[in-house]
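You will see two complexes here that share chain A, one where it goes with chain B and one where it goes with chain C.
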Partner chain A sequence: MAVEHPVAAQPGDQTRIHNIGYRTYDGPRLGRSYATRSLYSQSLRGAYGLGRSVKSKVLPMLLFVVMCVPAAIMVAVAVATKASDLPVDYTRYAIVMQAVISLYIASQAPQSVSRDLRFKTVPLYFSRPIETADYVRAKFAALASALFILTAAPLIVLYVGALLAKLDFADQTKGFAQGLVSVALLSLLLAGIGLVIASVTPRRGFGIAAVIAVLTISYGAVSTLQAIAEVQNSSGAIAWIGLFSPVTLIDGVQTAFLGATSAFPGGVGPTNGEGAVYVLVTLGLIAGSYGLLMRRYKKVGL
Partner chain B sequence: MYDPTVARLTYRALLGRRRALILGALPVLLIAISIAVRGLAGADDQTASDLLGGLALATMVPIIGVIAGTGAIGPEIDDGSVVYLLSKPVKRPTIIFTKLIVAIAVTMVFSALPTFIAGLILNGNGQQIAVAYTVAALVASIAYAAIFLLLGTVSRHAVVFGLVYALVWEALFGSLVSGARTLSVQQWALAVAQKVAGGDLVTSDVTLPTATVLLAVVTVLATWYAGQKLRSLTLAGEE
Partner chain C sequence: MIATESLSKRFPRVTALDRLSVDVGPGVTGLVGANGAGKSTLIKILLGLSPATEGRAEVLGLDVATKGADIRERVGYMPEHDCLPPDVSATEFVVHMARMSGLPPAAARERTADTLRHVGLYEERYRPIGGYSTGMKQRVKLAQALVHDPQLVFLDEPTNGLDPVGRDEMLGLIRRIHTDFGISVLVTSHLLGELERTCDHVVVVDGGKLLRSSSTTDFTQTTTTLAIEVTDSDDHPDGTRAARDALHARGVDVLDGSGGLPGAGHILLLTAQGEETYDLVRDVVADLGLGLVRMEQRRHHISEVFTDSGQGSEQSTEAQRKEAVGHGS
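== the complex of A and B ==
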């Protein structure tokens, strides 16, 4: 039998809340737009490996250099040979270098969104004042800006070089402006497609393979079919086949409206009427990928 | 040398959920395009050869090889669950060999088989084109799986490097610099295909003996080195 000790019950006067000096935050609250801007700038820096480990800087920087070096070489050749025009049009450059652009988007789209999914940090973002739309917009804008930097930088190299080589100013400026519009569209389109695919999987490696598969297989399939249509003399079909891959889509838009020469087999670009369809499909795809991302992030991780 | 349990786990990792989806989507697309081309253009040996060479062997086989080869080991090393496998009394070269067999089998099933079907659809195996490209895809599957499995053990960015090799080196440099073609799995596989087809529709820049030796050496070396890498594997933290 346990000995019963008298319980020292002195109710009421033992518990108290000490004021040890915690203070509430009463400074300025920077709010939703500030958080969105921060997410944007962090994502944009991350897309070039800034603020991340040295290892993750290697690939984006390498691809950036690979994008710009051919432009520099072309400029050097144009200056040395006193050519009257650049060897490659401003609008054509991104089409020629599409393998590099595809690799960039494939490597950076998953690192932008997949890791947030994998380490379940998405709910942490949404515990801040930002909304789903802000997250999607910030990531979309950041990746599109990163791609624009990648694709516009060689155009700037070409333009500056062309002016140094004293090529016709009005002509070069027009071409440069057309090239910028074209790569801006390309950046938006590829960023949207890349992010939609990458946001489905938390596995980075798998995301990379999926993005590159969609981009290269669609381009390979479309250009094969176009080549066959060209051989079969059904050149009317070439333009319609081009609607089914992102790069040929941009090619069609710039051929119809931005004064580019088409890279389609036979050089048969879309006419103005078909070009309107191209523009509609391009804008539709950009809007569609934004809508899909919104839908994806409505319920993700919550 | 072959461990059925490791094989079963690898199959499940490779073919589970969404991964199987993309692995299955590519062959379906190839066959769909073949049907479309047959409908548009009719049976034509040159078209069949272009399509199988350009789309199936140059694009589809490497991509499936990358997914299967790096996917067989990469994710496990990535998320650290490979330690549970390594702590079992199974030799590490055995693990690599088993995973290689699985990766080869998956690559073959998802690339060589559709290539054969596409070839049959395109021209009904006229001039042995379907068989030739199927053999090329089979041979390429072995080499790609070994190379990309090695990449998976060496680097955390194996998929990117694999794709850089497959798309930039083989496709871009291969078409610009002829010397790069000697060091390309695709050309080695084409050399074997050239022997099978016999005609002049399938051509390679590499002679058959060179190709065979290089294929064998690359496969064996890559597998051996992957085993060595796994023996001394250190688990790195997340970047």
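== the complex of A and C ==
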């Protein structure tokens, strides 16, 4: 423009930023499944604070370290003392560390879904090609994956350590595999429960409190009742009581089918028949929380 | 661009849309209606997110009932309410939204930088959104609606909460979306006045029914109202009344500025028949020796559009006349 009217050009015009104009986009539009995958990876990264502020990286990273350090110490001890076995079973590790896992799920489930609800970002997602089911699946899968990373990482530390300590390879590999299946189930179960609670509590603080309350109260109540049942010699009831909290539920499943020793009082896990019920309840809870999330987001819409 | 055919949406207790048939062509189209007139419901249906109770609608030639996902890929949407997370930067947020629209990562980043620049966000785009002013937030909301280069955008009350300057800037931006970017716009507002300046075409809905659909030039040119304000002088201590009487003597109907606002009594409204009315006003004011403070075209208020079908506004016009007579006597 300045070239066309050199006389009219004011001194100020020379420092002007020239607008290069609007460019249209003719490139590919990758559609629904790509958008769903992007949401999954964004949510998974977000669960460890990646792509978010420094402040939001602190807690998840800290919890991750806290999960792994005991495993590293156990390995160091096993290598140093030339022990014949690891001090703790692969399947037992997550049960022992359940407080850390609960804290993690309580902090990250609300950050994953409550933010979108609280700041009403959800309509922006649904005004794009993705559907309700895509959103729910991406969020569910992302949180379950994040939990799996949290719970599987110390098992890998244990496994590698066990191999370095030259423990029996076949034995360790079998235990490691069983441990992975167990934490995978636990991740799915806790992610489902955590997300359902978080999706009905748009305020993040309430979400955190609610998830912690549900996980600890249910575990506390179940353990207490089991202890009472043990004292009263009604050990038959112990297994059935265990159905009512997520952690004891996974404990029951792995005791019955994954060669774990039960953490129940008296060490009496469910029998195979009872174990089948445990598996059904676990899968039912996972499917149920998926269904509840779908129902919740059907309502949110725009 | 958009075509609806006796589109209805009924909720258990309210009818949000009542057999609405409207055709919207390319360009900037204003959708005007009072709160609860069914504007947002219409947008939801057009995005394929809420099924219509009866009737059908097409957006970009695609049926909303069956091609919702295809429509949403080619259409942008800016909601009325806040929708931005405060703890991420505008750039991160808009990149994410671009990817949600199906843009590959590199294209998403490039388009985000372009779009944010076009809506007028520069260095601040790297700061968390929580610290933005309302005007900047509106720009981010607009950017996320444009980032995937849609063929059509729905803007729901984009000037809400903005100060007059911000309002003007936003309206200018909306105009540019069509003229510079080549994207058609459907913009809702409850203020007809601001849409008149921006839109090629205005659709007025009330109670879910179509009240009027016409091009903007249609209803600004058929009746132009002039507002004039004059000073007082020694000869004419009440200059306003003197001007009114003089104009009346020359056969021009004059109304008082309505609304009962402070100072409104000093404003005279008259209907301009054409160029000669302007000359007449000039001559009359000059003959009286008064100063002409303002002479401007008055835009219609939404209530005046309702005159066609609503009887309520007829009464108000009558009331205005009575008031004018009362002052005159």
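One rule holds in what follows: the second predicted complex is superposed on the first by the 276 of 302 C-alpha atoms of A that agree within 3 Å, B and C clash if a C-alpha of one lies under 4 Å from a C-alpha of the other, contacts with A are read in each partner's own complex, and residues count from 1 in each chain.
Definition applied: a residue touches a chain if its C-beta (ideal position, glycine included) is under 8 Å from a C-beta of that chain, and two chains touch if they have at least 3 such contacts.
Just so you know, these numbers come straight off a predicted model, no measurement behind them.
Chemist: Who does A:T201 touch here: chain B (first), chain C (second), both, or neither?
Modeler: Once the two structures are laid over each other on A, A:T201 reaches chain B alone.
Chemist: Pick one for A:F126: touches chain B only (first), chain C only (second), both, or neither.
Modeler: A:F126: touches chain C, not chain B.
Chemist: Per the contact definition in the header, classify A:A221: touching chain B only (first), chain C only (second), both, or neither.
Modeler: After superposing on A, A:A221 lies in contact with chain B but is clear of chain C.
Chemist: For A:G21, is the partner it touches chain B (first), chain C (second), both, or none of the two (neither)?
Modeler: A:G21 sits against chain C, while chain B stays out of touch.
Chemist: After the superposition on A, what does A:S56 contact: first (chain B), second (chain C), both or neither?
Modeler: both
Chemist: Name the contact category of A:N272: first (chain B only), second (chain C only), both, or neither.
Modeler: So A:N272 meets neither chain B nor chain C here.
Chemist: Kindly classify A:Q42 by the partners it touches after superposition: chain B alone (first), chain C alone (second), both, or neither?
Modeler: After superposition on chain A, A:Q42 lies in contact with chain C alone.
Chemist: With both complexes superposed on chain A, which partner does A:N233 reach: first (chain B), second (chain C), both or neither?
Modeler: Neither partner.
Chemist: Could you pull out which residues of chain A sit against chain B in one structure and against chain C in the other?
Modeler: Chain A residues touching both partners: 52-53, 56, 119.
Chemist: Within their complex, state which residues of chain B touch chain A.
Modeler: Result: residues 18-19, 22, 26, 29, 33, 36-37, 40-41, 47, 50-51, 54-55, 58-60, 63, 66-67, 70-71, 74-75, 78, 156-160, 163-164, 167-168, 171-172, 238-239 of chain B touch chain A.
Chemist: For chain A, which residues are in contact with chain B within the complex?
Modeler: 52-53, 55-56, 59, 99-100, 102-103, 106-107, 119, 200-201, 203-206, 208-210, 212-213, 216-217, 220-221, 224-225, 227-229, 231-232, 234, 237
Chemist: Of all residues in chain C, which touch chain A in the complex?
Modeler: Interface residues on the chain C side: 40, 43-44, 47, 49-50, 69, 72-73, 75-77, 79, 81-88, 92, 96-97, 99-104, 107, 111, 114, 118, 128, 144, 148-149, 180-182.
Chemist: Which residues of chain A touch chain C in the complex?
Modeler: Within the complex, chain A touches chain C at residues 21-25, 27-32, 34-35, 38-39, 42, 51-53, 56, 115-116, 119-121, 123-131, 301-302.
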